[in-house]
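Listed next: structures, encoded as structure tokens.
In the two complexes below, chain A is the common chain; its partner is chain B in one and chain C in the other.
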Partner chain A sequence: MTRESSKDANGPTAHDWDHRPLRSRLMITVGGFGTLALAVAVLAPLVGSTPIDFARVFDRSIPFVDNADAQIFFLARLPRVLAAMVVGSALATSGVVLQAMFRNPLAAPETLGVSAGAALGAILAIVLGFTVTVGPFSPVPIASLAGALGAATAVYLLASAPRRPLSTAVLLLAGVTLNAFISALILFVQYLSDFTQSFRALRWMIGDLDVGNYVPILASLPLVVVAFAMAAMISAPLNLLTLGGDVAATRGVNVVRTHRLAFLTASLATSAAVSLAGPVAFIGIVVPHLVRLIVGVDNRVVLPAAALFGAAFLVGCDLVARTVMPATEIPVGIVTALVGGPFFLWLLVRKV
Partner chain B sequence: MGVLGPNGCGKTTLLKLMAGVIVPATGGLTLNGVPLRQLSRRQIAQQVSIVPQETHPAFDYSVQEIVLMGRHPHLGRFAVEGPADVAVAHDAMVATGTVHLGARSYMTLSGGEKQRVIIASALAQAPNLLLLDEPTASLDLGYQLAIAALLRELNQERGVTLVLATHDLNLAASVCDSLVLLRQGRVLAQGPTVDVLTPSLVRQLYDVEADVSFHSGAGHLTVTPLRRDEATR
Partner chain C sequence: MATRSQGLIVLTLVACLAWMGAPAWAAASADPPQRIVSLVPALTEVLFTIGAGPQVVGVSSYDDDPPEVLTLPKVGALLDPDTERILALRPDLVLVYGSQNALQTQLAKAGIPVFEYRHAGLADVLPVFRTLGTLTGHETEAACRVAEIEARLEAVRTRVAGLPRPTTLLVMGREPKSLRGIDASGGIGFLHDMLELAGGRNIFEDVQREAVRASTEMLIARAPEVVVELHYNVEIKESRRDEERALWQRLGAIPAVRGKRIHLLFGDHLVVPGPRLVRAVEEFARAIHPEAF
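What follows is the complex of A and B.
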């Protein structure tokens, strides 16, 4: 069935957007998804095991120390919601960039081995009992960030042998191989560790947004901001890359530079997200594909839309994680994998 | 101008060199007297455009989006296409007869439609020099003639210089004023089409016995392959 015939049956498709100029598409997209993300950010902290009152939360006449509702909102729930937003948008952005760069709709942040590197760092910190802190930052996020950046550097060096341009094929294979290799190291470390350490490591690997306070979020922000800025710089070249490297080059794209920036963008965004919340699964796949169904495939629109929708989506998943089972909180990684797994399979089947 | 030769003789490599996509190990190319090495990808792309044999986008872009991508070398880093760019793209779509396909998904088009869209995208780049790599290789007879007519029109009415790499002798004869014959990476002969397209050179090029004659109905030389020349093998 062609697009044309499905249009009548299912209402407007993404291609109807093409009749609008890009600028207005961009404004509608950012406006729409921005409003959604903002609404979710304000509403999500109101929901939880203890009901709180919106008016009371923002009632300035009650001192903060006496205002239990405001304390729950600002100290217990808002950090978690903000962490979800940062992690969701970073992973979604990383997914969009990698999918365009590898010309493969199934590429994901996990592909680069960066997530695995972060996990190895975090688990070593847990098992060996690292106590190194940098300023207010605790050992596990520092170790996982180091692991993520280390894995990214290793993959990059493998793929950019001297006197040869960066090869996306090698990048992909090196990432996947490193992923498997590091996973084995992780299992090895876990095998040697005691029961409590193993359990903590496992909890970390599932992906959990219980960051405790605002400090880790602030720490990850610089990385995420740099990644977003670079993503904005390469959004148009990424469109041309999907036509193939040679065609992109003859349309004026510096292919090697774009590949390099795309790799850096994805690595930084993934590192920031994973060191904050662990390797939360499937966001980098599910969100970009959902967004493309709504706004089309132009990366200049998809990137901001995915960043905003990723934020809202992970907050939504976390809301489910916090509330679906009374008296307990499921790690959000389980919810995203339970939602993302079937969705991913549906995408595969739909493509064929 | 046409570049003719058997498979693997270096036609595509030559076009990529001309477009600056690959850099020669020795020697150099110049564009209007300026060495290609000194120009950025963007500067080259403002003058030279290429139409590859086949283009397979990894994502489901619309025809209009693909054509507008041709404007990329003319846009600033964060600029988006303005009305002027849309007008240029529309012009290119009129010239290639693809206006009615604008909102369609590129992936759902037929081979001939796809090739015309890619030519439109290359034209939207407003090049002085358009390089085409086997533009009709996967097309049926009707589309082959349509593309040939389109190319002649682009050359005569828009003053675009065309370099056409092909092993289709009749396409080359119908479109090209002059030819370069390549064999195993070396120039076998070059010159005006009427001088170069001879039975003797066709035999040297393809090891094929052929009849070359002027076809008054078509208005150009035509090549009829007769038999494979076993003697030279």
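What follows is the complex of A and C.
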């Protein structure tokens, strides 16, 4: 989609919006989505399957080990909300970058095989019962991070053969093929494993944000922060790339470098998110489109908006997941698609 | 009470000895099946325990108990039964799981009798012994095994009778070396029934499901006094078991952790609703009520 056509489609209001200076659009967007994300983040830990007494939660005179309300708040809910924010913003950012880089609205964090690599790692760890721990990290997150980074490296090496610039066409095809290949490996491992292990592996692939402590969240932060920083660096060149590589090159964009950084951004963000919570579906594809329907197609605005809205959206979905059915939970990956799908369709039909 | 159940066991054994001495015609029914294929490991165990083992000609790919089944042809399992291999064994009885509809249709077309089974509660386990005993011509032996198991279950019931029932979390699986992804027994199914018989009170007894994904919040809120972890895939070395228990320190405020009542049990007999289930019930009871043993 070019910028011109989107302006026409979005009518005069969108036209005015696109002609505002970037600074004002950014301030309104970050202000709006930031407020939403903050509000959701503050409200979400207040709600849960168990009623808790907030006077007790913050009562320092009760020892923590005797204070179930404080434990529920600080050990169960808060890490979960923070994990949802990190994962939601990372997957949404990854989606924006990949869609811009491939100029393909269907590109998503799953496209490049990075998610599949993470899943293969996790499933091997589950099925074979890996017991290797690194510091405070348990085997499944370690194996999924290794799988994600391994798959990303493989795709990158395939797409950047010697004496040839990195090609997005090869990158996309190699990614999709590797994805299918790894998915087949996953099915094969599942086929060989016993019934309950297969079920647990499947359950991992739906995604789960109940991380239970802050260490894994903190560990994922460096990757996510680097990814966000790189995304910020390439947001302007990505706009020009949507016009095509040649046009972008004539306007002074280092196309290969931008592609490389975009790939690295998406891979790091996806790896961090998936090793933290499993491949939560739908965020990476729906949040970017949703945000574009609201703020237009300028990636300099879309990227922060998607990161903030992705965070708010996943926290909201997880809130539904953990409260809607008493005494049990719906896996959050099911909620993201069940809530996000109709919402997205509604916005799509209303806008176009 | 204890003497009563001991008396029961003695009676049963006497009855069984008497049966073993009886002439062969006493146990024979009209043409019992001689070529049985079992796709359900629990039923395979039942067949062998009631003396119908020699009639079994094929088992599921997950079967590994008793050791005799290891040399028998494997014919697939719940999701991937190998119809061709099953038919090639020319069975005269196939034991299938209730959800294997396509296989049942195919076997019906081939005119092969089918015994359909589904896992249910503890109360449904022993009747299956009797039914299979009748079907395979081992009625008396099945009755003996049932009586033995009932006597052992009764002995457990007697030991824990009147004791306070600690709230218990029965863990059926979790991520390796981590407290993430805890699957626990819900309020129905044979594992729940076994836990209750062993004198525990399932913290998820109100959840009408066999399995519950227990979140951190649920665990803290439901505050189990005892945790029983079932490790049926991998046996953890004795030297590493303390590390596994130490993982629970993350939820240090749960009564079970503070009271150091995290029990790890090992072996696939813990989750197969067959003849070895009574052993599992005894292990549950020892974990939940060490004071009674």
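To be clear about the criterion, the second predicted complex is superposed on the first by the 308 of 352 C-alpha atoms of A that agree within 3 Å, B and C clash if a C-alpha of one lies under 4 Å from a C-alpha of the other, contacts with A are read in each partner's own complex, and residues count from 1 in each chain.
Heads up, the rule we're going with is that a residue touches a chain if its C-beta (ideal position, glycine included) is under 8 Å from a C-beta of that chain, and two chains touch if they have at least 3 such contacts.
The shown structure was predicted, so the numbers you read here are calculated from the model rather than taken from an experiment.
*Asks:* Touching A:R103, do we find chain B (first), chain C (second), both, or neither?
*Replies:* A:R103 sits against chain B, while chain C stays out of touch.
*Asks:* I'd like to know which partner A:Q197 touches here: chain B for first, chain C for second, both or neither.
*Replies:* So A:Q197 only meets chain C here.
*Asks:* Check the residue A:A277 against both partner chains and state whether it touches chain B (first), chain C (second), both, or neither.
*Replies:* In the superposed model, A:A277 contacts neither chain B nor chain C.
*Asks:* Quick one: is A:N213 in contact with chain B, with chain C, with both, or with neither? Answer first, second, both or neither.
*Replies:* Only chain C is touched by A:N213; chain B is not.
*Asks:* Applying the touch criterion given at the start, work out whether A:V65 contacts chain B, chain C, both or neither, answering first, second, both or neither.
*Replies:* It touches chain C, and chain B stays clear.
*Asks:* Given the touch rule stated above, what does A:R77 touch, chain B (first), chain C (second), both, or neither?
*Replies:* Only chain C is touched by A:R77; chain B is not.
*Asks:* Once the two structures are fitted together, what part of chain A is touched by chain B and by chain C alike?
*Replies:* In the superposed arrangement, which is not itself an observed complex, chain A uses no residue for both chain B and chain C.
*Asks:* Chain B touches which residues of chain A in the complex?
*Replies:* Interface residues on chain A, with respect to chain B: 2-4, 14-16, 18-19, 21-23, 26, 99-100, 103-105, 232-233, 236-237, 239-240, 242-244, 246-247, 249-255, 292, 296-298, 300.
*Asks:* Once bound in the complex, which stretches of chain A touch chain C?
*Replies:* Listed in rising order, the residues of chain A that touch chain C are 48-50, 64-68, 71-72, 75-77, 79-80, 125-126, 129-131, 133, 138-140, 191, 194-197, 200, 203-204, 208, 210-213, 322, 327-329, 331.
*Asks:* For chain B, which residues are in contact with chain A within the complex?
*Replies:* 16, 19-21, 40-42, 44-46, 48-50, 52, 55-62, 64-66, 69-70, 72-73, 75, 77-78, 80-81, 83, 86, 102-105, 108, 125, 131
*Asks:* In their shared complex, at which residues does chain C touch chain A?
*Replies:* 62, 77-80, 172-173, 175-181, 183, 204, 206-207, 209, 212-213, 215-218, 220-221, 223, 233-234, 240, 250-253, 258, 271
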